[in-house]
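Quick heads-up: structures coming right below.
Common to both upcoming complexes is chain A, partnered first by chain B, then by chain C.
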Partner chain A sequence: MSRKIVKSRYFGDEGLIETVSEVPAEKHKAWGPDAELKVVGKPVSRLDGYEKVTGKAVFTFDVDLPRMTYARILRSAVPHAKIKNIDTSEAEDLPGVLKVLTYKNCPKIPWHWNTTVLFDERVRYQGDEVACVAAESEAVAEEALRLIRVDYEVLPFVTDPAEAMKSSSAKVHDWGNIIDEGPAVYFRGDVEKGFGESDLTFEDTYSTQVVVHNPTEPHCSVASWEGDKLTVWDSTQALFGVRDAIAKSLSMPSSKVRVIKKYMGGGFGGKLEAGKYSVIAALISKEIGRPVRITMDRKEMNLSVGNRPDSVQRLKAGAKKDGTLLALSQYSYGNVGAYPNGADCGTPLRSLYKCPNVRTEEYSVLTNLGRSRAYRAPGHVQGTFAFESLIDDLAYKLGMDPLELRKKNFTEVDPISGRPYTSKRILEAYEQGSKAIGWLEKRKPTGSEQGRFRRGIGMASQIWWGGGGPPAYCTIKLNQDGSAHVLAGTQDLGTGTYTFLAQIASEVLEIPIDKIEVTIGDTETCPYCGLSGGSLTAPSVSPAARDAAEQMKSKLLSAGAALLETPESNLKYSSGRISRLDEPDKALSISEVIGKLHEKVLVTTGAREANPEGYEINSFGAQFAEVEVDTETGRVRVLKIVAAHDIGRVLNYKTLLNQFHGGIIQGASYALLEERVVDEYTGKVLTTNIHDYKLPTVKDTPEIELIIVSDSDPLISNTGVKGIGEPAIIPTAGAIANAVYNALGVRIKSLPITPDKVLMALSEKI
Partner chain B sequence: MSKDSKNGGISRRKFLQGMGSGIIGTYVLTPAVSSATEKLTKNAEKLRLTMPLTMKVNGKQVHIQVEPRTTLAEVLREQLGLTGTKVVCNNGECGGCTVLMDQKAVYSCHILALDCSGKEITTIEGLMKADKLNPVQEAFIEHDGLQCGFCTPGQIMAAEALLLKNSRPTRDEVLEGMSGNICRCAAYPNIIESVLSAADKLRNESSSMK
Partner chain C sequence: MKNFNYIQPKALKEASDILKKKPGEAVLYAGGTDVLGLMKSGILTPEEVVNLKSVPDLKYIRHTQGKGLQIGALTEISEITESTLISEKYAILKQAAREVASPQLRNMATLGGNLCQRPRCWYFREDFNCLRKGGDMCYAFEGQNKYHCVTGGGPCFIVHPSDMAVALLALDARLTIYGGKKFKTVPLKDFFVLPEDDYRRENILKPGEIVTEILIPELPEGTKSGFVKFKERGVWDFAVVSVGAVIRKDGDKVSHGKLSFGGVAPIPWMEEELNKKLQDLALNEESFTQLAQGILKKAEVLSKNAYKIPLLRNITKRILLELTA
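Coming up: the complex of A and B.
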């Protein structure tokens, strides 16, 4: 129960950071590879399944309160302008309109690191917030938006990052278009020397598109005041982040803001930040004295709430004849949109393989388009596609099997820090994955396929952090009747958080899952956990849950020892009963112990332990794709994906497999379908609905085979878990692109691999 | 595209030229738009007139007043409190709002409520019999045919409609029947398994009844 403060290093919302954290003073023995577990790891059906299949699950989008009002946002129609005037009088006169908020009557609340305010007089992209209307109904609010007259002084704009980097470009902000005024530079060794010593060098440019999260539940928020206390229901991946952003924006104590999110309809990284809309809802609600629900429509979802930045990556590799990598370099830039963010994607190149000489130079560039946000494995998805294409190209030039080239450059330590990994089982992933796809038997020499339909097999590797870490807490309340309540201030995006928390409590306390209730997603009733992104949730929160449960068991055992008048060492805990080893009929149930303590509820709070010092924690994997290309239509069909991954312990195989399916299909649609299209002449986005923006349907489902090569990583934490949300999507596009190359013998270097690009590449080959 | 400045509004072509060459210009939404807004306001008043609607929802007759512009999805969610039906695109593109109308799957965001007069509507809330899950719902839990759950009511209603029409769907028929419903979490492999397994269940139930 006692805690200590230690130095801690973990991957969080600010990237990999050195910090201090409160952690348990002692560690529990980790569930290692040979731990015999009865509930954890089993394919338990998700706890929230019943509510979700019956329509009873209440999402933020469904929250309905008495006297509810409805707010909609008016967004800039132009990519860059100064607002000369806004006339809201007609809108205000419309019956049913309760409040119109614009820059004229809204406090100047800073946003995006003081680069703008809640309602700015200068709008910097099509979709920037101009005004907000609250009304008696959604329909009236929408009508009122059309009655607001905005007088824009149109300014020059830029949408292409290459153009934006030029000094002659229109400026998105007066201080310039390049984040930090220059590239993020990393180097080790001497890259020019490395290229000089290489037997072969290969260089090419790869590019990726902007894709949009498009979760099904729109970004939305409901705000309601009771006196000076504000409750906000928010579709968010970061409860406490939203709470603090709202409190800060409204200059009120965090204790007066409660953020609730029981269920959310997907996030994928887009809901990691507090949205302006949540603050706007709170402001209007306070003013009109009624609850406000604010939701985005699909167009706003495609314009204004984030995307994965694009990338142009000039990559170069140098190697010896035997395939040993001697040097790697990257020059790249990506479009972050109108407000600061990062578009870096060089980590895979820096860390996937052993290579002594590396240099990366990465620019994040502002343009007059919607701002990017974290999106499922930010940077790694773009970077892995390009880098693994380069490695594939290099293998071809060397006359080597691409898989052998990767094995040849396997690294046992992290090439950036020099530290060993807590575990790294990528060689097993190569071995088992290649066997499952038929790498040796089925894969034909690149470009040897003839005829209209040509098949190919390709692969790509993956690295991600995802070890989680402190701070994360979990509370267990054990009732006298033997039922338990697990509470943690974390989030479930559909990833199975509810379920694994119950499984862990059930495992340790040996009480049936149906007697366990889980509450997450509430800043007021739950202990603190971090945001749900970066594949952090399970590896951060599961050890805290186990700690809470183990403490509860200790508590019961020490009470049992006093009640049964014997030392704890003479006690056995089994199926919610405590019995003496020497006299097994002297036994007490949980209910009896709690009853004798004269408590109705026993409470413990567990914490995530520190990550081990001196190690890197990473997840690894490899995906193998088999594709068929129709050379007449240019269409690529993914036949099969084999995903072989090292992800530590599996908490629940059923939800794990599902999340892998999702990541892989999203990765395949990134490779083949999705793209935000912008008209460069007007600066407007052309793909603002999900007819024009291509999302995969059930018909785009390939055969998927999942192989987990890991059992547990006891060095990381007491549960031995690594996160998997992101590893699932990282290598998919690279594997597909390499399979297309194997099928056709021509490289498609830009995503998505659409039929026009395939046909163009084929025509150039002839 | 309309001719330049004819109706006093902004000339799109000139505007484009201005933007393209980087000229800083001003445009104000003036007379043409203004008269349009007047019309809009008048229309709005007209629209706010409500009309009576009678339909059957989940087995019960409902008599309500609705505005002519209101969609079935809006009536279900806002007037009848049946929030199991989700609105994702509000544009007939994703199937999130799928309900049954006279036993056929429809996108409720794309149907005006007044067009449902006399129809029989079934929503996700109407699938359970007393406390018992419908076989499709059971199969979605068992085969984990969902992640975040937001598209799930629509998926289940689409599956229900498919199985009402075809109790022995092949895998391809399941793909066809479910292709109008987008799942962004991409739980598709499990959705396919859920529907196939529900079909088996339903067949077993009906054969055991015989």
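Coming up: the complex of A and C.
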């Protein structure tokens, strides 16, 4: 199958990806809206379901190797200090301790874009790595940590980003506390002129909290050497990223590092980067000549492996009397923690609606707290809450139905680039979602509810990228017995990658799904795929899988033509059999074809094709929330969420529904429960377990109704898929906040909307 | 976790002697739902862990007509939620038990342990050398005190975490305590210790003393009781505030009533004055609202917990209306 090299451009988890990639020279006819598919799109049960529910599934933590050793990390107890000295002698003397690593005996391996090293003499947050102990057991390693004496020279610290932005603030790094030394500024048109021409302007400040990923499975790594070859099992969303980070850190060729991740208990973006712990495990393992397992406990999960930055967003909107938006502006800042990352959240304001004059100014601010990382729709979740609250407020001021205001400002083209979308079906999402929640019949005028329990209905819109793109490859091996093996160097975060890959192979080759084996999560045996973040996996990998399967089918047809002595056009491929159209009795099974070819295994490798030129690829949607607020306790109960989304083609309805449930529950919990709490006087985190850090329980889960308004987006790829991991969470908090406003007539402008805030807001209103 | 000796005493005397011999170095272990967490986070570093469950006959629920309920200290909270011996009159007990933690934890946690659990204050549980752990300041006073006490605080500002204690307080429960030689009985209201008296401990137990039984007096016919716990999360959450109520009515008036409160003070809280006002109170929303306005009159709120006052008043009014409806 011929290939070509093209430039590709698409949005990933943290911004624009521009690549030069190998893609198929010709596209297969896309599975369009009218494609009749038998397996793809159906609610096929997870291939990994049985192993997982029976506890047989092997996660990274379960990898058990002969002569295994166990490592634990000592983390800084203070938010900012220079380590004057570390005395590890007592720890080293403890029976069972095999190795203690500190800044004194560890190579200076650069980390976080050269702003620190693996073990830095200067620690910049409570939880920064100070030392690591490997021992015969985890208990001994734990005990050894307590025997390490660290002499800190405590330095001034800052935890509040507003404070950190001042020139008088303590400095997290000597070069300052603001990323790129200033704001990220975007503008189009003339925003002041736009406000001037507006009949009405509205301005307010909205804020969001820091939340922590807290996946069920902790971050974990197992490192093992065989000669000069290293194998690392890693709970990661980015196999090849981890492989290359380890290879670079240890100055060894990538070919000598193999990274494996079979199953995973969630990542949510927190596992997109290589962790220091993986490199530490590899270093120690090499030195002691035994495998090392390193696991984060729940406290480390809450301190040291990432979070969603908070935000303070001063937003302004200007509109004509009829609701036409004329100007939008945003000034915002967010706390990225102790090492560089972005806290931008302005994309929804810049791109959700048609508006000629827009200006955004965003600061990413360093403080002495745990560093943020990408977290399920970075920026969009906090941005959508604030911006959609503003739009709701504006509708109220204009005396307009909030849904009508959004429809009024619908845009056919991307307002930033001016390009059309491959597809945009948000109006159908508005239509069907509002019908399902009872927008017209049930929703009462804002603030008109009386009595103890007040109900409200609100909504918010969603935009995200998630069209995926090259490079992504998939290999199919077809065996003589008619069974197939699908291989791709991608990841299954618990989202269903295994299952959809098998579905696609089954669909094209018409092989029963139980005869298909899928291997992913292995850098050595699988062809390259990118990381699993940014809702990229299904839209990037599924077309490559189809390409591989179609190539296989065409290979079989060519062979069949030769063997049955007829042109391919006279052949029919059905249920794993090739037969002549003119003489249906002349037929061969896959096994017979492969047998006659004298090949035990037929192999094809497919690739993701290029994205179409001149288009933007985005997913769209709207969520509608119905809430009930108890005005005597301040408690908000989410009665129902209707999620109506345009996500291209559905690959598997079961796993799709799972992802929406997960995203909406996480979004509702962001709106109402979760918050990392910091003691500002000591710079320490108070919520380091999942009791104090309020993860939701089954009782905090609303009724969820999912409506998919799209069928396929054939312009994107041969499968017509858009990613949905992130769209699911983006509008939930905004919809809930707007429903609370509709119920109470009081706007809660900071997340989470907890009972104390509601009670205090209600008492101020009275 | 520091290494420790695990001891399985066969009798109360044996358990008590170990505790007495090594005060502060030996810890009693029942359901373990709190002790294990304290040990894992390094707040407790005992040399001896004494498993009370190896002592026989401490797990039972009995009802004697005229005498009331006797519950062995090792009775699991889940047993209380299911017992058929605990009749409708004692609804407060079952309701409180059902509100404790989660089903898994209730299967392990014991009633005695629930009463003796340590505070959930995040400064106490995290790496802060706070007053209660031997340090020289209460970090909550000027810090993150949303969940802290609004009355009875100083110099430490915890709230007592037990739901069962709040219910038992309204029931006038008494505790049987074994001291190594003999048993004594103390009213539950005298069991807990305010920080102003001793900020290092939450109850009066001296080294070697073990709670063995909880006694709940017989309630007259016609008594109604209930428990309401307000928590932020749907389940598995400690009380933001809670209220226990035991009430009898006579015609259109209250003839007897007791209210107890959780989540507001370093000990399960009862206001004698308030309970007196319940006597002869008319059974209507207006009188209950008025009564509720008198709850926690002497409260001294901290920077982030003023909301607890209206919250507690509102849920108290609701439970009174419900029980007298």
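The rule is simple: the second predicted complex is superposed on the first by the 764 of 766 C-alpha atoms of A that agree within 3 Å, B and C clash if a C-alpha of one lies under 4 Å from a C-alpha of the other, contacts with A are read in each partner's own complex, and residues count from 1 in each chain.
Everything that follows uses one rule, which is that contacts are C-beta pairs under 8 Å (C-beta built on N, C-alpha and C of every residue); 3 or more make two chains touch, one makes a residue touch a chain.
Quick caveat, the model's predicted, so the values are computed rather than measured.
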Could you tell me if A:Gly266 is touching chain B, chain C, both of them or neither one (first, second, both, neither)? first
If we overlay the two complexes on their shared chain A, which of chain B and chain C does A:Lys435 touch? Say first, second, both or neither. neither
Touch test for A:Ile665: chain B only (first), chain C only (second), both, or neither? first
Looking at the overlay, does A:Lys640 come into contact with chain B only (first), chain C only (second), both, or neither? neither
Could you say whether A:Ala139 touches chain B, chain C, both of them, or neither, answering first, second, both or neither? both
Could you look at A:Phe59 and tell me whether it touches chain B, chain C, both or neither (first, second, both, neither)? first
Contacts of A:Arg188 with chain B and chain C, given as first, second, both or neither: neither
Chain A: partner with more touched residues, chain B or chain C: B
Which superposed partner A:Met760 touches (first chain B, second chain C, both, neither): second
Quick one: is A:His112 in contact with chain B, with chain C, with both, or with neither? Answer first, second, both or neither. neither
Give me the intersection of chain A's contacts with chain B and its contacts with chain C, in residue numbers. 139, 143, 146, 681-682, 689, 691, 696-700
In the complex, the residues of chain A that touch chain C are 77, 139, 142-143, 146, 632-635, 673, 677-682, 684-689, 691-692, 694, 696-700, 754-756, 759-760, 763
Give every residue of chain A touching chain B within the complex, in rising order. 45-46, 48-59, 61-62, 64, 84, 90, 94-95, 137-140, 143, 146-147, 149-157, 170, 214-218, 263-266, 268, 297-298, 493-495, 654-655, 657-659, 661-666, 669, 681-683, 689-691, 695-701, 704
Quick check on the complex: what are the chain B residues that touch chain A? 16, 18-20, 22-29, 33-34, 37, 40-41, 44-45, 48, 67, 69-70, 74, 77-78, 81-91, 93-94, 96, 123-125, 127-128, 133, 137, 140-142, 144, 146-153, 156, 174-176, 178-192
The chain C residues in contact with chain A across the complex are 1-3, 42, 102, 120, 122-123, 125-128, 139, 142-144, 146, 230, 232-238, 240, 304-307, 310-311, 314-315, 318
